[in-house]
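Consider the two complexes below, in which chain A is the common component and chain B and chain C are the respective partners.
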Partner chain A sequence: MALSYDPVHWTPHKRLYDRILIAFIGVYLLCFIGLQSIFHPDCTLETTVIRATGTLGFFMLHLILIIGPLCRLDRRFLPLLYNRRHFGVAMFLVALSHGVFNLFQFHAMGNVDPMVSLFTSNTQYGSLARFPFQALGFFALLILFLMAATSHDFWMKNLGPRVWKSLHMGVYFAYALLVMHVMLGVIQLEKSPVLIGMVGLGMFVVIGLHVAAAIKQSKIDAASERNIAIEAGQAVPEGFVYACEWAEIANNKAKMLLIGKENIALFRYEDKISAVHNVCKHQNGPLSEGRIIDGCITCPWHGYQYLPENGQSPPPFTEKLSTYDVFVKGTSVYVHPSPYPEGTQRIPAEISMVS
Partner chain B sequence: MELATLLVTLFYLYGIIGCVFATWFVLRGVEQLDHVAKGISWITKLLFFPGSAALWPVLAWKLMYTRPENPANKH
Partner chain C sequence: MQEEEFYIGWLAKAPPSFARRTRQFILVSVLSLPLVIGCLVYFQQGFSNGVFEYGKQTSLIGKFSPTPAPFLILESANQTNGRLTPQSILLVGVGKHGYFADPKEIPAGSKVRVDGFLIYREGKVALQVKSIAVLEKDSSVNYTPFASVLNAAPIRLQGEITDPKCFLGVMNPGEGKPHQDCAVRCLAGGIPPLLKVHDGDGKDAYYLLFGPNGAPLFPQIQQYVGSGIGLCGRIQTFDNWQMLYVDTTSIQRINKYALDAGPMCH
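Up next, the complex of A and B:
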């Protein structure tokens, strides 16, 4: 949380994350250049750097893309998510160095403008196998640049969450362009089945994890709807629907509910249960994957906080979430899926009074 | 070749206008658009430069047609 913009809201976790990231980049580049000098001693330094940055950037993009589904499949991966924007910016800088080295190496030595040369040195745009793959890399780099340049909170606020999110979903289009860029590059220049196989494996992992995460989420949604249907006959106040047993929610943590179109986070804390809208006002982070810290619901993505009783950010901040009524009968928790206006105070359900 | 030259020239032109706009934006415009940006450090403002140069039509449109927001506290 901040009342002003800083370059980075540093936390110990972010510092550790960045140190590991920089070390990983350094070790990868050194290993790649070392191995390249052993197995391809005839390669120039420029070519080696182009290959090293290209493979590293593409590998980093794969890691970035699988962090989201991995977190959906197993919460232990969540720490990887918390500073993903630095990972993304680092990946862009690696990709940019790959692009700049390429531009100088292959297009800056003649009497044609390097950018014009990029698009005209190979004009077989009608051929699938001989398509000018460097142009695809250029457009992917443009998308990655837009994402890196707008990764600060300032842009999320001033572009609006929907526009910002749509812009950043462009990473999948960039990934598709880069898969074609790499595949065509390998086919036209390297002709290595091993490299083609590695690209295919990367695609398989990225797509497979996304599908697995989507299947898991659909099962959770279906189970939630079944529970609601099974328990609908119980004598509880009108309009309330069964959510879960309160023992299913760990203390200071939450359970996510999808009731109709309502995405609800049900938090247990201090023998009380409150329900708020599950989507953080900052970057649409999943609040139910966060926890209660210092009495506040804390978003797992960037630490935005809300009071569980009224969904309001603690003063002086002004973000507000919708709230919901919660009812506890015996060991069962029920939620009324009609949201109150954002920031409305609701009395938490007491689980210590359960008979 | 001629089409590529034309498109690349337009690309350069867009970038040059963007850089000029971004220079003004980080110096003055950012504080007009967003009150939270008042008094922020130069390093932070410089972080906004690449995005401002790339998205200058969006920011120009917002500056022209969006009313200044009330200076309420936000995250």
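Up next, the complex of A and C:
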């Protein structure tokens, strides 16, 4: 968390992350160029650079795309998510170098402007096999540029997490465009089943992990769902919905509840229970998977913090969450699913350890 | 009960189980690099031995022949830079442009000295012209170095259209879908199209394409560049070059390596 917009708010983890990232990129490019010069000494340097940067960018995009579902499946992958935007920006720069080399190699020094050439040299937009694959790459690069350019917290703050997140979901459209870019481009020339199989394997891993994460999340959601009509308690104040037994919530941890459209995180701490909106203001992280640390709800994704009683980030930070009323009767916990305005102070429900 | 570990990015140290799992991910990613890169490199189909001597200037003296494409005709095949240079050398311009000469300044048949950069592959040679100097203007009206008789009967050929400049060595590969846009730009810039014909025995033959009367074929063939086509035309051979004067109505898209001979030529 930071109050001001530094270009990069460095932490030891970010420094380590970036060093490993730069080393990874360097090792890949050196290995590719070295092996290419051994196995294909007749290949021109331009072609080698284009293929090295293109394959590296595509490989990095796969790694970026699998980090999200891996974290959903096993939260111990979270350190990879913490600085993923640097990974994304690095991938964009690699892809940009691929695009610029291509634009110069195939379109510059001709009788029309390179950008005009990009869209008019091959006009067979009506044919799948002969489709202008470079245009697909251009639009994918455009999406990646928008994502890289708006990756900073400044843009997240000004666009709002919902818009920002929606914009950044464009990475999946970019991925689809790039798969087509590869299949309708270089794979039309390089027809080795191994290369085609590698593209297929990459898609299988990306899609498979997303499906697995979605199945796991749907099970969590189903377990968290509460039906207002059926489970509304009779001996509790009107409008409250049974949530769980307080013993089901570990101390300083939370339980997620889906009541109607409300996504609620129910935190237990210091023999008290408070409820806040489950979605972090930073990047829509799942707060119910976080912890109470130093008296604050702490988001598992990037460590954003909120006070459980009022949903406010501790001063001087200004992020605020909606809060909910909680009622405890005996060992049972009830929640009123009507949210209070963000940052509204609510009295936590006290739990009695003696039943 | 042992407290479950929790990761916060802005703390100095990650919990051991998180650090371990992250290290495992990095290790798997790094260890997969040799396999990924090895497959990506090894399973490419290979590259031609075409050469572009960019930066290594060559000077040649011969006669200038502007039609149907600009050629420098040497007096005989000779040794240049320790390599056999055939008699006829296709002249091309800088970038994606053909070479054009003002007929008033360089009439056909003039003796010229051309400085430029050689491009060669499988016995075919082109020269990217850097400068050209007229040593002796030719006053004869009909300079015809391509004296071989045009084949009377048209023949049918099938293959892929690309541009000779890139194909001979400026780009590698200078053919196929990835190179399609570049080939279109080169042809649009005035470089004559090249038809690569695969004979099925692992050998390729190459033909420079022109319209029936030697006129440029671009832009009629733009949509066919980079993919398989079949066409009819009459062949003219000179030195180690073959020109094909194409019946433009006969061009049709086919599988590049189809064995079917296609319709008869008329």
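To be clear about the criterion, the second predicted complex is superposed on the first by the 281 of 355 C-alpha atoms of A that agree within 3 Å, B and C clash if a C-alpha of one lies under 4 Å from a C-alpha of the other, contacts with A are read in each partner's own complex, and residues count from 1 in each chain.
Operating definition for what follows: a residue touches a chain if its C-beta (ideal position, glycine included) is under 8 Å from a C-beta of that chain, and two chains touch if they have at least 3 such contacts.
Every value quoted in this text rests on a predicted model; they were computed, and no experiment measured them.
A.B. asks: Putting chain B and chain C onto chain A via the overlay, clash or fit?
C.D. replies: fit
A.B. asks: Once the shared chain is lined up, is A:40 touching chain B (first), chain C (second), both, or neither of them?
C.D. replies: second
A.B. asks: Is A:194 touching the first partner chain B, the second partner chain C, both, or neither of them?
C.D. replies: A:194 contacts chain C only, not chain B.
A.B. asks: Looking at A:149, would you say it contacts chain B, chain C, both, or neither? Reply first, second, both or neither.
C.D. replies: A:149 contacts chain B only, not chain C.
A.B. asks: Touching A:105, do we find chain B (first), chain C (second), both, or neither?
C.D. replies: After superposing on A, A:105 lies in contact with chain C but is clear of chain B.
A.B. asks: Determine, under the contact definition given at the top, whether A:317 touches first (chain B), second (chain C), both, or neither.
C.D. replies: The first partner, chain B, only.
A.B. asks: Rounding in steps of 10 degrees, give the angle chain B-chain A-chain C taken between C-alpha centres.
C.D. replies: Vertex chain A, arms to chain B and chain C: 70 degrees.
A.B. asks: After superposition on the shared chain, which partner residues are touched by A:338: those of chain B (first), chain C (second), both, or neither?
C.D. replies: The answer is neither, since A:338 touches no partner chain.
A.B. asks: Who does A:282 touch here: chain B (first), chain C (second), both, or neither?
C.D. replies: first
A.B. asks: Who contacts more of chain A, chain B or chain C?
C.D. replies: C
A.B. asks: Should A:158 be classified as contacting the first partner (chain B), the second (chain C), both, or neither?
C.D. replies: A:158: touches chain B, not chain C.
A.B. asks: What does the superposition give for the shortest Cα distance from chain B to chain C, in Å?
C.D. replies: 11
A.B. asks: Can you list the residues of chain A that touch chain B in one structure and chain C in the other?
C.D. replies: Shared contact residues on chain A: 1.
A.B. asks: Which residues, counting only chain B, touch chain A once they are in their complex?
C.D. replies: 1, 4-5, 7-8, 11-12, 30, 33-34, 36-37, 39-41, 43-44, 47-48, 50-51, 54-55, 58-59, 62, 72-75
A.B. asks: Would you mind writing out the residues of chain C in touch with chain A in their complex?
C.D. replies: Residues of chain C touching chain A: 4, 6-14, 17-22, 25-26, 29-30, 33-34, 36-50, 52, 94-97, 171-173, 175-182, 184-186, 188-189, 222-223, 226-227.
A.B. asks: Name, in rising order, each residue of chain A that touches chain B in their complex.
C.D. replies: For this pair, the touching residues of chain A are 1-7, 113, 115-116, 119-120, 145-146, 148-150, 152-155, 157-159, 281-282, 304, 313, 316-319.
A.B. asks: Using the touch definition from the top, list the residues of chain A that touch chain C in their complex.
C.D. replies: Answer in residue numbers: 1, 11-14, 20, 24, 27-28, 31-32, 35-36, 39-40, 42-44, 46-47, 51, 55, 59, 63, 70, 74-80, 82-83, 105-112, 117-118, 121-124, 130, 132-134, 184-186, 188-192, 194-195, 198, 250, 290-291, 293, 298, 300, 302-303.
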